[in-house]
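Note that subunit A is present in both complexes that follow, paired respectively with subunit B and with subunit C.
Up next is the complex of A and B:
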């Protein structure tokens, strides 16, 4: 890994500016919007570890996201918020492990199909067979917020600070992971898995680890969302959640640390703005997504990279 | 008996869809995520044609053509510029299609369930081996078998089929030999989209036509092509029979668990033969 490049500093500045804006702004709406961006940002950061770094396209992140939400909803009343948040991470990782046992028997596009199918299985189970635990399609209302240091986290502004802390920790861990030998190994696997295997990397083990870490991020993010909304339902497990995080990551720029967060920001702001003009905003989003796939394959981070270098060519 | 008929009709329906999916994959190397959306669109277009003309048969004839034309347009405008990139980008594009198609359908037809009446010719059940069989199911079996045979003849015996097979196995070589690969790709994508729509039209009288119908079917479809081996049409027909019959048996004997049967089959296949029951080469993709 090279030293910090200008484009990375610019992206970090953009994210920091967004957080500061939420702090100084008095608008409840922008506070709520930016809370959502931080939560989905964590999901996208975790998603990009496997999509951008390891080159695995998962269509099953909804499963881990939902698992985290349910874990928190069910456990927080008995064990407290922070332990349950930890369990949500473990639940995400454990479910990721379970999915990977099947999904990693295949590679490439098959992996995408399998993760999609298995996540759909989880969705069906949660909304029908496990109704006793999950409340079926009605979900579980009244999910708790943290109770720490006597601060009232039911106040959205205080909960926002809690989110910022978790978000910064999540980004820091991911930043370290990306420049660690583990991160380099993942890049090697993405670039050429056969060669990586020959050099002596255990490719399957690396993929599985990355998928589990990604699952843990999804679990935490799902738990935080459930807590923000006071509510968890199978909608979190729905395949469109997996689709959304994919769109966000690609919009922002895959394979970059903070690009996905910017993607989330653009996605949420677009959603907010477009839905004021038309109820068919999802279709417009689809067109934006198609155009970005064709013309802006490196996403917003690609634009930053152009800015940062002042020359042609985004990072590859 | 009715279990067998329902199973067979379901199998042929699945096969129509899986054949389109696997054809597109074989030729373009793209998994078309929008296949279910095209199936749904086929059903809606059929509904509209029936609404205008009153005839299911006109819908059967023209709805697949409309969707095939749309498929060709999608391929030319969006997929063609990105073939030299990683396959993931093509898959992402087809994912984008879903959003646009679903939203367009919602814009045009709204959220209400639509219904296409069973054509008069097949509205009466007939007695067969002592049980009442809905005759429309028999029509699906016959029609599905006919389309399958035509598809095999097209791919295995015709000049066009030869070109498609050549371009699938080595597009550069085919290009060198004078095949316009870009046109073949467009044709295959159109054919696959048309098959998806045909599935939607055939299913239209059986199910309520609604936005979610595409997704529930696409999962079954993916399972069929994974079990059959991606890009393998003959494997797809076997896998479609397996899944269709298993689901029909499930409806009869264990209706509580029928949604899970698909996944059990998938998992068992993957644990035993990860690249599908009929894969020719090693792992695809």
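Up next is the complex of A and C:
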């Protein structure tokens, strides 16, 4: 059971190949694109902890994503980059905690709707009421990059290596969480919450912990994006961000560690390519998404699973 | 825990759905080490009483006392920790997982208040031992690695009981543990229940009169949200009030 399956190895290889490609390629565009994929990938693997493992559909991840961005933008000039990145994680977890206090009173669709509305509240606060801190709709320009070991992270290639390190740490922690007893408990909650409660799991506490960890991932991801773009704006907090990460996760395959990252990759590449041909790229992406949910219900990870099984069958 | 100690006590338990009193003041104590059969017509409030005991129904009034401790205000999982186990009328198992994985989940829930997140679940040898012990008790060793949802109905009922057993409950509430178990498996299922009760108090709801009379030390009759009476199976068969209310149309 703890043995790595072939499809998991293949997915890891695909992600590794993508990172290596960015390293050897001289193209600035592909470097930028893959940087974006790693950042959104962190958001998506965090999102899948609650969506794929615990079965909770959050429409509020934009709030934690944006909170991380703003935390870094506001704090990095005073406290330095790494401490602020840590605070961005804490901010994401803290906001997730706040949201969960209300949203976890209900479950299913109502949980989704409450997270959506609470996140929109954060969006409105950031874009209007808290203008003095957040710069309102203009956002905050000039977000810092890390200053470490005398390396110039304002060079995109150097910053990419920084992203790879954070990404690998994030994936490693998540991989452990998912196969730990904590991860098993989340699966139990998804499979049958009444039974999970009955055998002694504190189901609400488990959901809350998962939501906060997921929020921390969103916070870090948002901070890294703000730093990549040198800019943070309420657009990060907009509900469509929450929708995007849901589409990415479903496209890649929910309930798998690296599937969501592959989903992000397909999403970002399609967006990049399609937007060169038509301004209606979002619509075309929507059609792709609909076709995928019909023909690839388990996402790209499902393709890999079929591939893995095929090999196994052939070798016997 | 010698026989004769009260392990579960109900004090004037009331559960209301709107204006309807599903359980209308039940007071009764249950002694440890005995099997109680809870019988009564449909709608008598048997499952609702069980829900009140396990924490799934909100009490309008009354108290639930487990081994001398008032558990009325505890949540479902806290009651499980306090020693109250439960199986459900409608099978609730973890589908998408094997039988052994199902049991391991219950073992983790029992052993750890905070679920370990720093180590792969497969590394916990004692969890596997706990799960395998119960697996043998419920006689499903040959199905350890079968997906739980593929089990026959009777085997799923056994797994239900196994999940409850892993919390080592002092009181076990079994809601129709034999429902849908085929005739040829019935004796085996009864044997399982007899085997697991050692030292525990069992309160079970069962509609098959022969079975419930055969396995119970004491029968408790419930009608219209209230306890009508109780006694040994022989006494209950002979009780005219019970016969009129419940057994009458049977014989």
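Criterion: the second predicted complex is superposed on the first by the 308 of 316 C-alpha atoms of A that agree within 3 Å, B and C clash if a C-alpha of one lies under 4 Å from a C-alpha of the other, contacts with A are read in each partner's own complex, and residues count from 1 in each chain.
Going forward, a contact is a pair of C-beta atoms (placed from the backbone, for glycine too) under 8 Å apart; a residue touches a chain by one contact, two chains touch by 3 or more.
Because the structure is predicted, anything quoted here is derived from the model rather than measured.
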| item | value |
| --- | --- |
| Combined model on subunit A where subunit B meets subunit C, clash or fit | fit |
| Contacts of A:121 with subunit B and subunit C, given as first, second, both or neither | first |
| First (subunit B), second (subunit C), both or neither touched by A:199 | second |
| Subunit B versus subunit C as contact partner of A:239, first or second or both or neither | first |
| First, second, both or neither for A:161, with subunit B first and subunit C second | neither |
| Comparison of subunit B and subunit C by subunit A residues contacted | B |
| Which of subunit B and subunit C A:283 touches, first, second, both or neither | first |
| First (subunit B), second (subunit C), both or neither touched by A:180 | second |
| Least C-alpha distance (whole Å) that remains between subunit C and subunit B when both complexes are overlaid | 10 |
| Residues of subunit A at both interfaces, subunit B in one complex, subunit C in the other | none |
| Residue ranges of subunit C in contact with subunit A within the complex | 54, 56, 75-77, 80-81, 86, 88, 92-97, 101, 104-106, 108-110, 112, 115-122, 124, 127, 163-164, 166-167 |
| Interfacial residue positions of subunit B with respect to subunit A in the complex | 31, 78, 81-82, 85, 87-89, 91-93, 95-100, 102-104, 106-107, 215, 219, 222-223, 226, 230, 259-260, 262-263, 266-267, 270-271, 274-275, 283-285 |
| Contact set on subunit A toward subunit B in their complex | 55, 57, 102, 105-110, 112-114, 116-118, 120-121, 124-125, 128-129, 239, 243, 246, 250, 280, 282-287, 289-290, 293-294, 297 |
| Subunit C-facing residues of subunit A, complex | 1-2, 176-177, 179-185, 187-188, 191-192, 194-203, 206 |
